[in-house]
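First the structure, in the form of structure tokens, and then the observations on it.
Order of writing sets the labels: A, B, C and D. Residues in every chain begin at 1.
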Amino acid sequence: MIQTFFDAFLIGLLCIPAVILVGGRQRPLRVLASTLLLIGLLAGTAVAGVCFWRGDRLAIDLSQLTPLPFAVAVDRLSAFFLLLICGVGAAVTLFSHSYIEHHYSGQRRDWLWALLPLFLLSMMLVVTASTAFAFLFGWELMTLFSAGLIVIDGDSERRRHSLYVYLLMMHAGAAAVAAGFFLFLPNAAGLSFASMRTAAALMPAGLRTAIFLLAFIGFGTKAGIVPLHIWLPKAHPIAPSPVSALMSGVMLKTAVYGFVRFGFDFLGGGPDWWGYLVLAAGAVSGVLGVLYAIAEHDLKRLLAYHSVENIGIIYLGLGAALVFRAHNAPVWVALALLAALLHTLNHGLFKSLLFLGAGAVSHAAHTLDIEELGGLLKRMRTTGAAFLVACCSIIGLPIFNGFISEWLTFRSFLAGSALGSMPASVVLPLMAGVLALIGGLAAACFAKVYGVAFLGRPRSAEADHAQEVPFAMRASMVLLAAPCVVIGIAPGFVLRPLSAALQPFLPGTVLPEEAVAIAGVMPWIAAAVLALVFAATAIRRVTRVTATWACGLPGLDSRMQYTSTSFSKPLRRVFSQVYKPDRTLEILPADRPYFPTAISYRSVRTTSFEKSLYRPAVEAIVGTAHRLRRLQTGNIQVYLLYIFMALVALLVFMRFA
Amino acid sequence: MHLVHFAAARALASSAVFLFITVLLMATAKRISTCIVLFSAQCAIITAEILAMAYVHKSPEAYAVAALVLIVKVLAIPYALFRIVKNLQAPGDITASTTAAQSVFIAAGLILLSFFAVEPYSETLRVDTDMLAAAIALVLSGAFLMVSRKKALAQVIGLLVLENGIFLAALTTTFGMPLVVEIGIFFDLLMGVFLMGLFVFRIRDTFEHLDVSKLRRLRG
Amino acid sequence: MTLLFPLLVPLLGAAMMLVCRRPAAAVRVALAFGALEVLAIGNAVWRIRAAGVLPAGRYLRADGLTSFFLINTGLIFALVLVYSVGYLRHIAEGRFSSPRWFYGLMFLFLFTIMAVYLSSNLGLLWIFVEATTLASALLVGFYNTEGAVEAGWKYLIVCTVGIAFALFGTIVLYLAAVRGGVDPRSALDWAVLMSAAPNLRGAQDLLKLAFVFVAIGYGTKIGFVPMHSWLPDAHAEAPSPISAMLSAVLLNCALYALLRFDAITSRAIGSGFSHTLLLLFGGLSVVVAGFLMIVQRDLKRLLAYSSIEHMGIAALGIGLGGAFGLYGALLHAFNHSIAKSLLFFTAGHVRENFGTLRMERIRGMGRALPWSSGALVIGSLAIVGLPPFGLFVSEFLILTEAFSQARYAVAVLLLAALSLVFGALLYHFQRMLAGDPESAPAGPRLPAADFAVMGVCAACLFVLGLHIPGAFSSALRAAVAVLQ
Amino acid sequence: MIWLNVAQALLLVAIAPLVRGVIARLKARIQNRRGASVWRPYADLAKLFRKEDLTPPSASIVFRFAPMIVFAATVTAAAFVPVVHGSALLGATGDFILLVYLLALSRFFLSLGAMDGGSSFGGMGASREALVSALAEVPLLLGLVAVAILARTATLAGIVQWTVRQDFTQISAVHALAFAALALVAIAETGRIPVDNPTTHLELTMIHEAMVLEYSGPSLALIEWASAVKLSVLLALLIAVFAPWGMAGGVSVPALALATLAFLLKVFVLALAIAVVESSIAKLRMYLVPDFLGVASALAILAVVFTALMR
């Protein structure tokens, strides 16, 4: 029964673009199509939920039709990611129901509505594919559709550059993933996941390492691990807000899914240096991600850098799991994997909520530069509340879902210290320190974002006249905020099926006792905090509104508040090595410095992976191209000489080979 | 009849030398018309070669091929080339990127090289090596002419010499291929020369010069 | 008789072209003969499918491989013919460049290609491959501009020299066959050679020598890298329908000739030597073409280099051989021909509307020519080998073969080159499509015929990407069986 | 058992203002001033609860609820620390990570409340608090991780039971380093002298005071009480983790009384230490605080590394 439901859902999603492209003009048809999409996605969430909680297996095999074997199979792990895609997809569709209507018109709007379901479908195909062809098919389509959605949003020189970098890096990553798949071939019968699993066992160690590294690089590019992350802060901000919510919240998770499939399901772990490599990547991504985010004041770029940080946290969990796998401690592997996968779900929820919040802010205040916002909570009550829930979750504060996964990661590091071998018992606890640093810096960054954007006085006229967004957008944000709190308070109902999802490649592991402990204590803590807050409100008090204290001077205006740059100044000073800022201070008029009419201060981050790592590589390639171009001299005699030389070379090669 | 048999055998042996001479002369040729004459001389020698072989091996087909070579290569193509040179009224000189002395040395070197190239195959082919060497020499000198000469017509002649070399190689090793294929090859050669002539005229119309090395507009 | 039909129709068409004076009449007659030709090809393919191998007389023969390439030629010829009707309306009348000349030469060109596919004798095969060069040289020089004349001359001379070496290779093969005891009169017949190949093992170095010359000869016609220099000039300077015919049909025709030779040599002395040579040429072509595409300034030269790269990929497929290699290579040649003709048709429109093909001066194509840019996007996504289109499937097959033979160097080289090409093409096409057009282009409306042609191309690419129809797949498998 | 643990938590919350009063009194005596009475903080709280609660015009719901969440989170954190008896209310199941992150929850909402005031003082306080707390989190957690590694458990009750079994004289390097790191962090977290001066209102130096400048009446009382509780929780944490000897084994009244006496004595010793430190060192410049916390981080990292070498 579920199977037919699943097929119907997929086909339904497929024909929505057709409906829109045909009759997109009339509004009722578009409303019908978007509601159809919403219902479809809710049905998809239901189907995925049933598969995830009850563990049914679904499969569709189209191999007779397609030129190469093309099959889809939903086991518990795929169902988990499918749940994330459909759930967040439904919320985003609800949000974009009114967002797209307001911001786009005519053909752009039709194409947006046509590409959105296709984008979701390609992601679903990636997480449920069970053959290499299907996986790569979905993988490349995912990039294409997201690029299509970005192109629709507008056109400028900078956007074109960002889109180019995004597409090129995604293609290079896809090539690495394809190579990773193909390396199974010498030993595997076909390219279906089942034959790859059996082949992985009898492969030489060298080949397994090659596959692991290719998977790490390929999926690392899509996930945004630090040396390969430069596309992320370029691509996400230029996409329409609902699409960047999907890209950041869900698309990055398909990379994590791929890496887990390769690392744990196919290869089943390997030597412990794999784990340390992933830990190192996770740590560097986490710390640098949050440090770059602190220096940002464009809301979407900041959130994009935070995606890098959270992917770093997920990779910390995966790295610990790989180290435990190498020391074959299955219970701790389950714990670390649980932490990583739960953080994937949590990040999917709160990051998409943050991006939808950013969309709502840009809808209401027409700007995303938090230096010009302020006091939005009073004007946009629901958006502000939902954004606050998301901020608390991303920092990992106790009553919210981010804390549960970070806590599990901490406990897996703690458990790791009990491992006998030398590197593990030192590296893992230190990773706990790194995670604590990431958490601390994230708290500082989001205190800045929320404080500057939503609290205090509005810093610009648009912020002052900001109106609350329409109901559909608010509903979608609340729809995403609710699970953040529910998982935070009662994580048990997610942790049990998730640990069951790990059964296939970690046979015989029961729910780790840490997970049981947290599931037990969190409700009590939440109850205690809420009870005390309620008690505190019971205190009888007389409140009166008076002017804010301004040391007795009149005329306190909004420019006297701390801005995001000044808020992050102390931290940027401490970590100045990371930014190597080049600061320019301009006082006008230059000749009378003590009676300035205008002072402008500009601090630009000079360290950039793009300049130090990618620019030289590109220059080398283009340089070779120019040198090769000189071979085509235009003179026919030289062309004839090439032919004769080729002939002589071959004759000599044949003579002596 | 003995005398004719003796003459045929002598012709077979000596024609390689004559071919080498034409190669060297062509390397030094200053004007297009001398090149054309030398080319038709080459073809004449090859016709003699075919007639000798036809007589020795008594295959009627070879006589037909000899007649074909005589008509197409010795008479038709040189006549066509002379008409082209006359109509062009262009200066008949061949500007070359190598001086006469260098050209001769290179041609001689190529002849020696062709001997070395043929040597390893002599025992497997069981055929007189100097004729095969002459064929390879023609191919290499044709190639050299095309690469070093700047005038369009000179390149055409270089190409024809190269074709001659290959045809001769075919001749010496396999005593002639099926007749249909031979006729086809000659027809292609004729059409090729006709088209090259057409293009030479169009180059002169559009570029007012025939120096091929100046045709460098399409680069990169 | 069925094999003679597709040969005679183009000859008749060419002859008719001389007769009818008025251009309008010429176009109508050309379309009629074109339709007739497509019917002839269809009938021939249908008969071959039924009969497996169809010998006709001493010099004509058709088998699975021929029918596959006939389908390819028929499809592309039909598309090009329909497209050229609209295209020729914009050409200024010149001594050589009237529709009469255009269609006359086109039919002649088609006759030579048909003759190459249908001839059973390797000597005849060589003759007609040389004839294709001669027929297409005038077509390349059709515009009578400086560039066209220069390109035509270079094309004629370089290809003739290259092909001469192929003749020498054919002769050496003939020699080896005769030495091996094959009756001289039929020593060049492909079927005879294939059956006699096993006992030719004795003349190993002769066969190697033959294959070297043939590889250089037909390699020049295919455009493998050391011998590719003529290709960008010829394909860029020719009118767009002719560039499509050159890139999509002529290169496949040369590849067909090389395949025939490779079949004989690999059956005689094993495919070690010949396939290494093909891998060498293929790898060189893919890498060098990839690099050169980055710095191109003219759209059609960029497409020409892309043809070199894709022929390199097909060569890699053939060089790998095995279950997937050959199948993938032939499928790749077919897909490439469709995608490349789609791109050349779009290039034709760009030239009509922007007046130039220099990519710096083409801006805002997305807004100026919406339908053409849609075709360009589909074409470029296909040519780069992205999923929904056929080339992704064929590249996937070739990579599968490369990895399952554990030839990691070839595989990694191919993957790297594909990414390089993706970067180059995306860079150029993005700059053309995006932005707003300064000069208002003339006539943005796409004529119905062109819309249909581009639609057919896009549909073929899309279908071949998702599902290879049974009939086509069996034809492909029959072609591969012939060479195995 | 439950009522004992609740009593422990309430004990901590109750004596919190007393601890601040004792410290202030001791500082005064050291600087030979008479100083206010030890019960002064209770009087202040009582006075504040009766006064009006002023809110700036730009304040939103976050400004009004921040003090309550701060108080709630800190008091819940108090429930984790075993004071008198080995087991604490949530000490058995919750662990030190929960405690640390509950304190982080209160800190986060305090800085949000400060930013909501709409004046530059709030932003200034929040920005400096962000710097201090971001850098203090690493040594705080790593110090506790070091001890947890030795004790092979993460729950505070477990750590106490393990430490009680160790003999008093044999002081391990890990404990010494961890204690030093945690002591420095405690000073930074609760805004004592070298990092922040609790009694000053000077814009250049104040961190905690700047954040609570806009608050008055019951809200200010809750915040002051919460920061007092935070101080006593951190002191109790130090005592529990590093000097738990003297905690009551069983549940009998004399044992509990003796344990409470021992706890009060230890708190007095720590209070004396704080008073001496605060009277002898001047406050660090704002941009030297990171180095201060850098030292704490180095100590904590050394402690963790030593746990591996010790095995």
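Operating definition for what follows: a contact is a pair of C-beta atoms (placed from the backbone, for glycine too) under 8 Å apart; a residue touches a chain by one contact, two chains touch by 3 or more.
Worth saying up front: this structure is predicted, and the values here are computed from it rather than measured.
Common neighbours of chain C and chain D, by the contact definition above: A. Each chain gets a centre from its C-alpha atoms; the one nearest the centre of all protein C-alpha atoms is A. Across the two interfaces under comparison, A-B and A-C, the one joined by more C-beta contacts turns out to be A-C. Using the average of C-alpha coordinates as each chain's centre, D ends up farthest from chain B.
Centre-to-centre separation of chain A and chain B, using mean CA positions: 71 Å. For this pair, chain A with chain C, the centres built from the Cα atoms lie 44 Å apart. If you average the Cα atoms of chain A and of chain D, the two centres end up 36 Å apart.
Centres computed as Cα averages put chain B at a distance of 32 Å from chain C.
Within chain A, contacts with two or more other chains are made by residues 629, 632, 636, 640, 651. Multi-chain contact residues of chain C, defined as those touching 2 or more other chains: 153-154, 157, 161, 165, 205, 232, 292, 295.
Going by the touch rule set out above, the chain pairs that meet are A-B, A-C, A-D, B-C. Every residue of chain B that touches chain A in the complex is listed here, in rising order: 97, 117, 143, 146-148, 150, 155, 212-213, 215-220.
Looking at the complex, you find that chain D touches chain A at residues 49, 52-58, 60-65, 67-69, 71-73, 75-76, 79, 90, 93-95, 97-98, 101-102, 104-105, 107-108, 111-112, 114-124, 126-128, 130-131, 133-138, 140-142, 145-146, 148-149, 152, 154, 213-214, 217-219, 222, 286-287, 290, 297, 300-301, 304-305, 307-308, 311.
Residues 59, 121, 123-124, 126-127, 130-131, 134, 137-138, 141, 144-147, 149-154, 156-157, 160-161, 164-165, 167-168, 171-172, 174-175, 178, 184-185, 188, 203, 205-206, 232-233, 236-237, 292, 295-297, 301 of chain C touch chain B in their complex. Contact residues on chain A toward chain C in their complex (touch as defined above): 65-68, 133, 136-137, 140-141, 144, 155, 160, 163-164, 167-168, 171-172, 175, 178-179, 182-183, 185-186, 191, 621-622, 624-626, 628-629, 632, 636, 638-640, 642-643, 645-647, 650-651, 654. Looking at the complex, you find that chain A touches chain D at residues 375, 377-378, 381, 384, 388, 392, 395-399, 403, 407, 410-411, 413-414, 417-418, 422, 425-426, 429-430, 432-433, 436-437, 439-441, 443-444, 446-448, 450-452, 454-457, 517, 520-521, 524-525, 528-533, 536-537, 539, 541-550, 556, 558, 560-562, 566-571, 573-574.
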